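Accompanying notes for the structure given below.
Chain IDs A, B and C follow the sequence of writing; residue 1 opens each chain.
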Amino acid sequence: MEEIKNMTKKLKNLKCDKMYDNNFYLTWEKTEDELKSVFTVADILRKMRESNISTKIFDSGLGISVFRDNSTRTRFSFASACNLLGLEVQDLEEGKSQIAHGETVRETANMISFMADVIGIRDDMFIGKGNKYMHEVADSVKEGYESGVLEQHPTLVNLQCDIDHPTQCMADLLHMIHYFGGIENLKGKKVAMSWAYSPSYGKPLSVPQGVIGLMTRMGMEVTLAHPEGYDLMPEVEEVAKKNSVKSGGKFTKTNSMKEAFENADVVYPKSWAPYAFMEKRTNLYGEGKFKEIDVLEKELLKENAKHKDWECTEEMMKLTKDQKALYLHCLPADISGVSCKEGEVAASVFDRYRKPLYKEAGYKPYIIAAMIFLSKVKDPAKKFEEILKQNKPRFSGK
Amino acid sequence: MEEIKNMTKKLKNLKCDKMYDNNFYLTWEKTEDELKSVFTVADILRKMRESNISTKIFDSGLGISVFRDNSTRTRFSFASACNLLGLEVQDLEEGKSQIAHGETVRETANMISFMADVIGIRDDMFIGKGNKYMHEVADSVKEGYESGVLEQHPTLVNLQCDIDHPTQCMADLLHMIHYFGGIENLKGKKVAMSWAYSPSYGKPLSVPQGVIGLMTRMGMEVTLAHPEGYDLMPEVEEVAKKNSVKSGGKFTKTNSMKEAFENADVVYPKSWAPYAFMEKRTNLYGEGKFKEIDVLEKELLKENAKHKDWECTEEMMKLTKDQKALYLHCLPADISGVSCKEGEVAASVFDRYRKPLYKEAGYKPYIIAAMIFLSKVKDPAKKFEEILKQNKPRFSGK
Amino acid sequence: MEEIKNMTKKLKNLKCDKMYDNNFYLTWEKTEDELKSVFTVADILRKMRESNISTKIFDSGLGISVFRDNSTRTRFSFASACNLLGLEVQDLEEGKSQIAHGETVRETANMISFMADVIGIRDDMFIGKGNKYMHEVADSVKEGYESGVLEQHPTLVNLQCDIDHPTQCMADLLHMIHYFGGIENLKGKKVAMSWAYSPSYGKPLSVPQGVIGLMTRMGMEVTLAHPEGYDLMPEVEEVAKKNSVKSGGKFTKTNSMKEAFENADVVYPKSWAPYAFMEKRTNLYGEGKFKEIDVLEKELLKENAKHKDWECTEEMMKLTKDQKALYLHCLPADISGVSCKEGEVAASVFDRYRKPLYKEAGYKPYIIAAMIFLSKVKDPAKKFEEILKQNKPRFSGK
């Protein structure tokens, strides 16, 4: 309880009033205080649930989820976050609903939102599309709210777009905060965000982009490593550069995994497709050229196969700080000899970090819940004091 | 609050005791007082939600939905209505459940209803089937309840059948009530329920049928317009005739869209398939003659194409009362140049009515909730007084 | 109320502390007291719901369902049970989630369980797989809980595996308890668990196995009847033998349906596939030999067809005690002339037992809820006293 009270006090000193009634698209659109608010609220919600205190702020209401790509983890994280706050999830299955572009986005967004308090969207497959779609949806329901169509303003949480994966990267960061004993201890820590080999093509760019866009805020020394040609979106690299200058950290690039791993405090080896490839694929899809996409994908797999040495092996881990950097992954990982023949990480490395990895993932529902909480509750600290005082049990059968 | 109290008083003077523990199939099976009760309860529920008052009357319990046709709007409307009252939605996916005819309907209906308070069904594709199926389900669970199989009696809400679309048409009408400033102001208003061209075949008859069956109750002058051959079910036209005589309104038919639009206060231009075609298709399905259905559908599209001039254009709108009749549609509309090349309505007309159209749709969750409320709560006015007194917030983070 | 108080007193005398924080896999892994606790808690929950008393012990929290086989009844039963206790169901659709074997089971089990209080799994299609998979999932989340990954320990309810179908068989038994007026009256009652003809292949063994494994606990005289070759898993028959010795009942086998039905108090005629066939099919699946599976299934259908005389006809029923044994079935049954040409049971027999059959099925949601309740609530009797005292209405609109 004392711990919760202290965190609530901390929250009072963070300026987060602009998160109220607002959407969450990209971490770099938020101030440092706002990011810290998310971390603090996530920690408070977690501690309260651990203490069997109900944090249901909604008596009824819906949380709408839209997954334009298969998803288990994020789906369950969003459902958990909504449930924690008292919202019931309704999933918009696009196959069934034929939501599409332009006109229909505006209409469908309003039609499903009459009793929606929050909308969570995952749309990460096509460069230049996902984030844009989220804005279309959010703008549509805002207009709907302002013109009296909707009684409440449904806010939006980006559950992964083509540019950023904020709920994942903030869960990663919250994990680091706890691991290193406080956000202030992240300053100067060396992070290796490295490409790694995977036998599958077309993994989204949003995780590495989200990582370099967020970790550079904390004064960390972020190295982005990948084989030649596996670039990220240039505008996000620009963001990372500017962030690092402002925060007193560093952002460097290299074509050597080893170089990135050397003396790293944190390593994040993960496969992704090159930006240029993703862009080309997006265009081909737009033109309906599916045969060309097949050809393109085969080319990429061939190209990938040249870089099988980009694997997070025991030898690579030995290069890191005290030979025991914190290993991060958004899961599921391609584990060599387990989920594939040759992959991103050696089985023995993965296995040693299994529990921390699961904990890392466990922050995600709370990060999402915190984003919803901050967009809905006008005075978060005061509300937490109320909840504490009320002390309603989540489970009353103990 | 004063407004809610006044509506509650109004509700006390409406005789709606037969709605208690009863199903809702067709609007013309309900008395005028019963229809008014639905409108009043819908308005109270809406006002209460706007005032952040929780209307959860169920602490637990299920609302079962059965969609035998794709649906987003109605699905979300039903889910919203259930959520508003405290019921959790469980969707019976027929593909997965192999519910079928006769014997199995009775069994499945009971098997899914052990904790169901309400069942919502959409089944509109086949003439002579949907409404019948709803009765089978409702009769089955009533029998189950009476014989002690079910502890509670799940009531049924028709979410669209082959005959009527009561939740849609009552939402349309509630929209008109608010637009014209009261149900008493509808008397004498001229409504044009008109066929309109669409490039797709086989749209259900339930909306135009529901409209002529309901609007004629209110003393309105309803004109049904369609090209020759695009008739509705004759028994529903009979209903409309009788209604208009009784209510002091009018029901006329024409084969000219223009004639219907002239001086109309309300226009509802919408595509549908001719009754005779729908009946033929139903029979072919029953006989498993899918090739013949393909042929039939092509014929209909050809026939449709002869009537592309049945479009709600700016010119058509100029014919209406003061050139600005209220434009209605159940959505989604086939908008010329937007969702199709040539369709039901010109883009500029649709765009001018977008917000009212969204509001029209927004009444649907409340209409459904009102139907559930009236079938479950023995003394609705008293219950609302209790809810007002309790004054529990829907969202407690404000 | 008096009735509930008496049942609560009864519960106090039953030793069920080992059910707390524990999983439910097989009925024969539970003590007699534990089984009686499940029946008693199920009856209390049912009586409370009938009395409009809310039994929500969770303010928020998730119940996860995993159906590796199509399911309507069990799906709705699990959803109803969760809803009754206050948990929201999230279904893990395996097609979407790509959960698989070994490594990924551990990971996915944890990833979906961050806010899960209970996991219900149905996995009955492959011999040697389903029960094993459940243990993998339960062990994974237990490990997750113990290592701090999960805040709560999600317990597991077996919703049907390759070995047992405990929620079905306990619902069957609770039905018999009420039918015969008490568990003590089951002693000496003759049960015919008999194979019956069905035109479909590959029905799971879990129901007949569950029946012989459970009914033999109650001092009943259980006869297992099937055509030669239609054996169950030998280890389960061993369980039945031992149970009957211990309980003072009987377990006998015969290849004659008539012999089993003679003077039977209860008959359970139901189709299943022979154990040897199921094992062979499982192996072929493992080897990806789908053509061979087709051949195997055709062979079985041919073999089945030799035994069309294994039908629960009126003549068969005349052999039973006073010509009116209690007819049981897990539903849906293959009814001759109704759901198939020739099947497990004559239409007139089925029809006469329809209401009791529906009631039998109606116990399942309460059996599941009781299993969850006992795994979550440390002092069940005390909790029920609290709930009674609180007396919160489930539905407040009466």
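Methods note: a residue touches a chain if its C-beta (ideal position, glycine included) is under 8 Å from a C-beta of that chain, and two chains touch if they have at least 3 such contacts.
Every value quoted in this text rests on a predicted model; they were computed, and no experiment measured them.
*Asks:* Setting chain A aside and leaving every other chain in place, which groups of chains remain linked through touching?
*Replies:* one piece
*Asks:* Note whether the interface between chain A and chain C is symmetric in residue numbering, meaning over half of all numbers used appear on both sides, and answer same or different.
*Replies:* Under half shared, hence different.
*Asks:* If you average the CA atoms of chain A and of chain C, how many Å lie between those two points?
*Replies:* The separation of the two C-alpha centroids amounts to 41 Å.
*Asks:* Among the residues of chain A, which ones contact at least 2 other chains?
*Replies:* 88
*Asks:* Tell me, which parts of chain C touch chain B in their complex?
*Replies:* 46, 49-50, 54-56, 70-73, 76-77, 79-80, 83-84, 86, 88-89, 331-332, 335, 338-339, 355, 358-359, 361-362, 364-365, 392-398
*Asks:* Which residues, counting only chain C, touch chain A once they are in their complex?
*Replies:* That would be residues 57-62, 88, 90, 92, 96-99, 102-104, 107-108, 110-112, 114-115, 117, 144, 147-151, 373, 376-378, 383, 386 of chain C.
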